[in-house]
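I'd like to ask you about the structure that follows.
For reference, chains read A, B and C in written order, and residue numbers begin at 1 within each chain.
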Amino acid sequence: MIAETTNRLFAETPLVRKKQRREWVARLIFGMMAAAMIIPLLLIIGYLVYQGAPLISWDFLTTNPVGGMRRGGIWSALLGTIWLVGVSLLIAAPIGVMAAVYLNEYARDNWFNRIINLAVINLAGVPSIVHALFGLGAFVLFARMGRSVLAASLTLAIMTLPVIIASTREALASVPRTFREACWNVGATRWQTIRRIVLPNSISGILTGVILQVSRTAGETAPIMFTGAVFFRSISEGDFFAYGLKEQCMALSMHLYTVTTQVTGAPKPLPYAIAVVLLGTVLLVNATAIVLRVYLRSRKKW
Amino acid sequence: MHPPAKHVEVSNLRLSYGPKEVIHGITFDIFKNEILGIIGPAQSGKTSLLRCINRTIEFSADAKVQGTIKVEGVDVRRQNVYALRRKIGMVAPLPVGLPLTIYDNVAFAPRCAGVTAKSDLDGAVEKCLRQAALWDEVKDRLDSLGTKLSGGQQQRLTIARALSHQPEILCLDEFSIAIDPVTTMRIEDVLKELRKEMTIILVTNLTQQARRLANRTMFLWNGDIIELDSNQVMFSDTPANRKTYEYVNGIFG
Amino acid sequence: MATELQTELAPERAAPKPAQPERGSAPANKPARAGRGALAIAGEKLIEFVIRLCGISAIIFVFSIFFFVFREAAPLFFQKHEPPAQPEAVVERHADDHSPAAKKFALKEFLFSKEWYPTSQSNVRFGVLALIVGTLSVTALAMIIAVPFGLGAAVFVSEFCGGKIKETLKIVIELLAAIPSVVWGFIGLTVMNPIIQDLFHAPIGLNMLNGAILLALMSVPIMVSIGEDSLKAVPDSFREAGLALGATRWQLVYRVLLPAAKNGLLAAVLLGVGRAVGETMAVLMATGHAVNIPFVTADGSFNPLFIFEPVRTLTATIAAELGEASEGSQHYRVLFLIGVLLFSMTFIVNLTADLIIRGIKKR
């Protein structure tokens, strides 16, 4: 900004012109780098939608796949994803939020808590397929849950935990420390401070993080492949409780993988339509969280 | 007249943050129902001293306290920390309206202490807001957010909150730093009233404020007490220490 | 230091309420303080206990991941012979002209042999070298593509645009990060595959390049967000000082910001690497899935067109073969061992990135 005003105030020298040209080129290059990621992506998504559009309808969402998954809809896969996401969230959200409360409000800066932080970071970096191995070894085999919704959800829950912890910590840290000190000064205990001041003022941020997590969980494939998801299962259409915790289920992400790589002779738009539904679900949930965040930021109480 | 009762006894208090010592072993007493002014430039350890008294210093991870502080004759470390903090009202330099309604701001401390009856809370809220000279301005909008009040009002709200748990000691830490002179004068009037009921520790960087309000004034300088005496002596032309005279009269500092 | 503090100052809860000393001249009109119910205090203790428990859960989970994955792999090292139920083991025993010791699992062979014939009838081999090379080469190529774009985009978002564009870009990048990996794989399979075939006249579009482009696109968002954070962490005074001296934005970025933020940018790249190494579905679907060291041709010479070779990664191998390997077989256990290997690789990468980020925060 300063440089711009200066340029207007003083006469242009060749050096200044050269500088400006370079500035412009740099701006263009960096802008193109940003654009190079985004524009092809939009084109690809547009292409997917274009290819899948003929199949997508309400019936597509609410009927089971039939004919060796070559015809029909995706109901059982969609419902399976909803179940997996729901159950895993029920497990991960409370643990994750409380872990974040511990790390942000209780933990002092000592070696033990540094190890916890390190563990959270490493948990976030564990490859999804290793989570799958863990889920198979720990839940399916060791805990004798078998391949089931429960085992898959637990695997997903542990996978999503670090992200919930991170987003919750961020939300908690955005509550000014002066509020906490004011509470401590009047003799409030740590928990009273957390419950009456910190949580009410960060709950929106926490919720946003959890919603974002939903979108990520919905798209995961590898962790559920060997812990609870099956290629095909027919369930009663329209019944939201068609899956039990101890049963295997289909999942949208897995279904896309199966139809793309294992099923031969499927009509061409089918995998595109599944991809569009999966992508649409994920992006919709994500966008909801972003809108919520922007809205909540605009009406902060302090 | 027998000597006044000691309310707070500080003996040989040392405080360091990490390797840096900020209070170098100070000893003094605070008597019941007096206003003790504490003056001194920034970084002289005034705020840290207050935080040692109500033990909020423990929230600073690298703080190390040595020596003893007794409140009502008992070492603060042997007291239940929450009970201790309820005995001490603390007003921070910048007003902190909690993001609650005005009513809830003042009712916060009683609720934390276990008061649930609506009538008790109502009474406490009104009493404290009156004591803090805020009642008339906010009595019709107790349900609006405390954070939406003006700076001066928020500071009085903070005082009301500090009074809401019926403290025996009120610590004010440069309370007038963020508010205008008129409001400052109003709060000073409030303090003159409150002194009848409690001991007041008034940390201020306005020497004239200490002169107006305090019975005795302590001059703290780089973590050492330069001088502590009654206002007649401190603000006279011949305090015991030449530095005091120079600081009070604006020759240095 | 904290423990020192705790001994220095008496514990908060254990201390008994002091006996009230005589009040002296204190006002007598004070109402009695209402105490909190024992139930409330007990409830608070309980919830704090649960919170602490959840706090350490992360450690428990990390350890149990390692433990349970290793637990399934461990018998490899202790079992001398394969379970007799394995028919191929019997066949192999006849075919193998070495000693019975060849049946013993050899860690050296596992790491340094490029022969991966897990289900072979006559010659079972578990050498993951080709898979490691596959993982590393795809990751490296992905980083070659992603680093300039990711960091360039980070610089652009952080320094060259403001207001609405910046917000929009950040949201788009966030959405980019949300695209599921199986959708990426699908894109690789259906969109990139023909494009690569047409553009480069490659015999097959499912190859290292395809996977690397997908991985690049997948790891760019994390690079942008961490990179932008570290650029943001450069104090504004640096920028103002630079601009006041008449530097253009570009000079500012090149001479001031990039050197100042280099550790953060390095961490951003490392986190991108961690993500790329661990990615499963996209590489499973897009890299062609052939056990192959891409740099070497059949006759042993260097292959200049290696980016068009199909490869297979560690992650994809587990995903593709775990379903077929019968529980408890050597093949099954080797797949878990690959999991241990992956876990260790990403652990080291993430640890390094974290140490770098922590170093920045300290400053």
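For this structure, a couple of remarks:
In the analysis below, a contact is a pair of C-beta atoms (placed from the backbone, for glycine too) under 8 Å apart; a residue touches a chain by one contact, two chains touch by 3 or more.
Since this is a predicted model, take the numbers as computed values, not measurements.
Contact topology of the protein chains: fully connected, every pair of chains touching. Remark: among chain pairs A-B and A-C, A-C carries the greater number of C-beta contacts. Computed from the mean C-alpha positions, the centre of chain B lies at a distance of 51 Å from the centre of chain C.
For this pair, chain A with chain B, the centres built from the Cα atoms lie 48 Å apart. In this assembly, the C-alpha centroid of chain A lies 16 Å from the C-alpha centroid of chain C.
Residue positions of chain C touching 2 or more other chains, listed in rising order: 1-2. Annotation for chain A: residues 108-109, 189, 192 touch two or more other chains. Shown for chain B are the residues in touch with two or more other chains, namely 61, 82-83, 86, 113. Every residue of chain B that touches chain C in the complex is listed here, in rising order: 5, 32-33, 55, 58, 61-66, 72-74, 77-83, 86, 110, 113-115, 120, 166, 168, 196-197.
For chain C in complex with chain A, the touching residues are 1-3, 44, 47-48, 50-52, 54-59, 61-62, 64-65, 68-69, 71-72, 148-149, 152-153, 155-157, 159-161, 169, 171-176, 178-183, 185-187, 189-191, 217, 220, 240, 243-244, 246-251, 253, 271, 274-275, 277-281, 285, 315, 318-319, 322-323, 327, 335-336, 339, 342-343, 346-347, 349-351, 354. Within the complex, the chain A residues that touch chain B are 108-109, 178-179, 181-189, 192, 196-197, 200-201, 301-302.
Considering their complex, residues 54, 56, 59, 61, 82-86, 89-90, 92, 94, 96-100, 108-109, 111-113, 145, 147, 158, 161-162, 164-165 of chain B touch chain A.
Those residues of chain A lying in contact with chain C across their complex are 1-3, 6, 19-20, 22-23, 25-27, 29-31, 33-34, 36-38, 41, 44, 47-48, 94-96, 98-99, 101-103, 106-110, 115-116, 118-134, 136-138, 141-142, 158, 161-162, 165, 189-192, 212, 215-216, 218-222, 225-226, 253-254, 256-257, 260-261, 271-272, 275, 278-279, 282-283, 286-287, 290.
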